[in-house]
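Letters are used for the chains, namely A, B, C and D, taken in the order the chains are written, and counting of residues starts over at 1 for each.
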Amino acid sequence: MIEVLYFAWVRERIGLPRERIETGAATVADLMAELSAREPRYAAAFADPSSLRVALDQELADFDAPLAGVREVAFFPPMTGG
Amino acid sequence: MIEVLYFAWVRERIGLPRERIETGAATVADLMAELSAREPRYAAAFADPSSLRVALDQELADFDAPLAGVREVAFFPPMTGG
Amino acid sequence: MRIAVQLEPFDTGAELSGFQAGCAGGETRGETGAVVTFSGVVRNSASGDLAAMEIEHYPGMTEGAIAKFAAEASARWLLTDCLVIHRHGRLTPGETIMMVATAAPHRADAFAAAEFLMDYLKSRAPFWKKEITASGAEWVAAKDSDEAALDRWREEG
Amino acid sequence: MRIAVQLEPFDTGAELSGFQAGCAGGETRGETGAVVTFSGVVRNSASGDLAAMEIEHYPGMTEGAIAKFAAEASARWLLTDCLVIHRHGRLTPGETIMMVATAAPHRADAFAAAEFLMDYLKSRAPFWKKEITASGAEWVAAKDSDEAALDRWREEG
């Protein structure tokens, strides 16, 4: 079980801010493929990885980063703070 | 007649903040030479031009700038504001 | 060093006064010669129809990311103190979104650290802005220029 | 735009609040997105024995020179407002010597203009500092690094 969080338009497309997901995905990219295959709203949110960022346990990570030991994954668009 | 002002250590070496001077000097350098020849305190203040700055009518100028039409000359060390 | 991520409005002037008083009285007493602040303000849209800006963030990660940027700034430049305040929630044009303050013995360090913190807050802290106008709501797109601004810090590293 | 050369102490926080209120209410209302301030503070000496700093200036030329730098900054960058306050006379460690504030639609302009104004105030505005310590009084020497800082603006010009 992994906690998955969504922010900004990713949250809006998927339709919820967070959920617990049962997955055997080895990497972030695997998880995205798995979810995209499950439902169109995930496929829509993850369609263009270049417009997405991911954080593992609140640290920015790459899409090929392994999920082993990770408790929290977050997907969101490029940040626009400041 | 020209109004001559001195600031910071130039003022301290010459011993007064301003004076009116009767001069026929054509340039700033000529005025410095004329005053230096008059009294040692001017010679002491003007000994090292690289440590001096000059303003003509409140605009920074070079030592070879002409004095024609100038009402106010000021001598001072490099500025240390801010 | 103080980091605050908050819903509540704050007064940049009061924060600057408090920050300077802290520098003057703290353990680096007498060492501060330069204080730089940056305040980000909600600009209106070109057509003047911005009703509000909504700022979403990632609680937990936000504070951690800002603390990391502040630690990095303190490692790169000689600072005596720094401050970051960033609001989230709904803001209207003219309201202050966020503020950074840096204090240092010398001005070059205070300026560089403030610009560094701003560049990282813009593109690496988990905040997202949405603009609400009469014609609808739209997420603000990240700017290439903000991403490019980070390069100057990598070269120095 | 406001320029003040004064003996009296001033409150940087109150000035920042007033400056931001001016930006929010003036003719550039809604256009300001970024406000940068720099405050210069009297640092103590390394040995901690600085009793006071005396700042002399050239009345008349000072105001004119600062107005010229501010006009130059406004010509180089898109600014919505700017402010310069500089004290003269006797100051003690921890006191604020001067302050610059710049407001702009975008942060890069506000930062660049503030740094530009500081570099010119340091080396081209007619102020001279004297440090008074237990062992005597000494005029502060101009720093080569301050003169060198001006070069970056010449290249862009």
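As a working rule, a contact is a pair of C-beta atoms (placed from the backbone, for glycine too) under 8 Å apart; a residue touches a chain by one contact, two chains touch by 3 or more.
Just so it is clear, the model here is predicted, and its values are computed rather than measured.
**Q** Please find the path from chain A to chain B through touching chains that uses the fewest steps, and give that number.
**A** Minimum number of steps from chain A to chain B: 3.
**Q** With chain centres set to the mean of the C-alpha atoms, which chain is at the far end from chain D?
**A** Chain centre farthest from chain D's centre: A.
**Q** Once you find the CA centre of chain B and the CA centre of chain D, what distance in Å lies between them?
**A** That gives a centre separation of 27 Å.
**Q** Please tell me the distance, in whole Å, between the geometric centres of chain A and chain D computed from their C-alpha atoms.
**A** 48
**Q** Would you pick out the residues of chain D that each touch at least 2 other chains?
**A** In chain D, residues 40, 107, 118 touch at least two other chains, as defined above.
**Q** Would you pick out the residues of chain A that each touch at least 2 other chains?
**A** 82
**Q** What kind of graph do the touching chains make: line, ring, star, complete, other?
**A** Here the contact pattern is a line, an open path with two ends.
**Q** Could you list each pair of chains that touch one another?
**A** A-C, B-D, C-D
**Q** Give every residue of chain C touching chain A within the complex, in rising order.
**A** The contact residues of chain C facing chain A are 40, 55-58, 60-61, 64-65, 86, 97-98, 118, 121-130, 139-142, 146-147.
**Q** Looking at the complex, which residues from chain C come into contact with chain D?
**A** 11-18, 20, 23-24, 29-44, 48, 93-94, 96, 105, 107-108, 110-111, 114-115, 118, 145, 149
**Q** Okay, in this complex, where on chain A does chain C touch?
**A** Residues 5, 7-9, 11, 55, 58-60, 74, 76-82.
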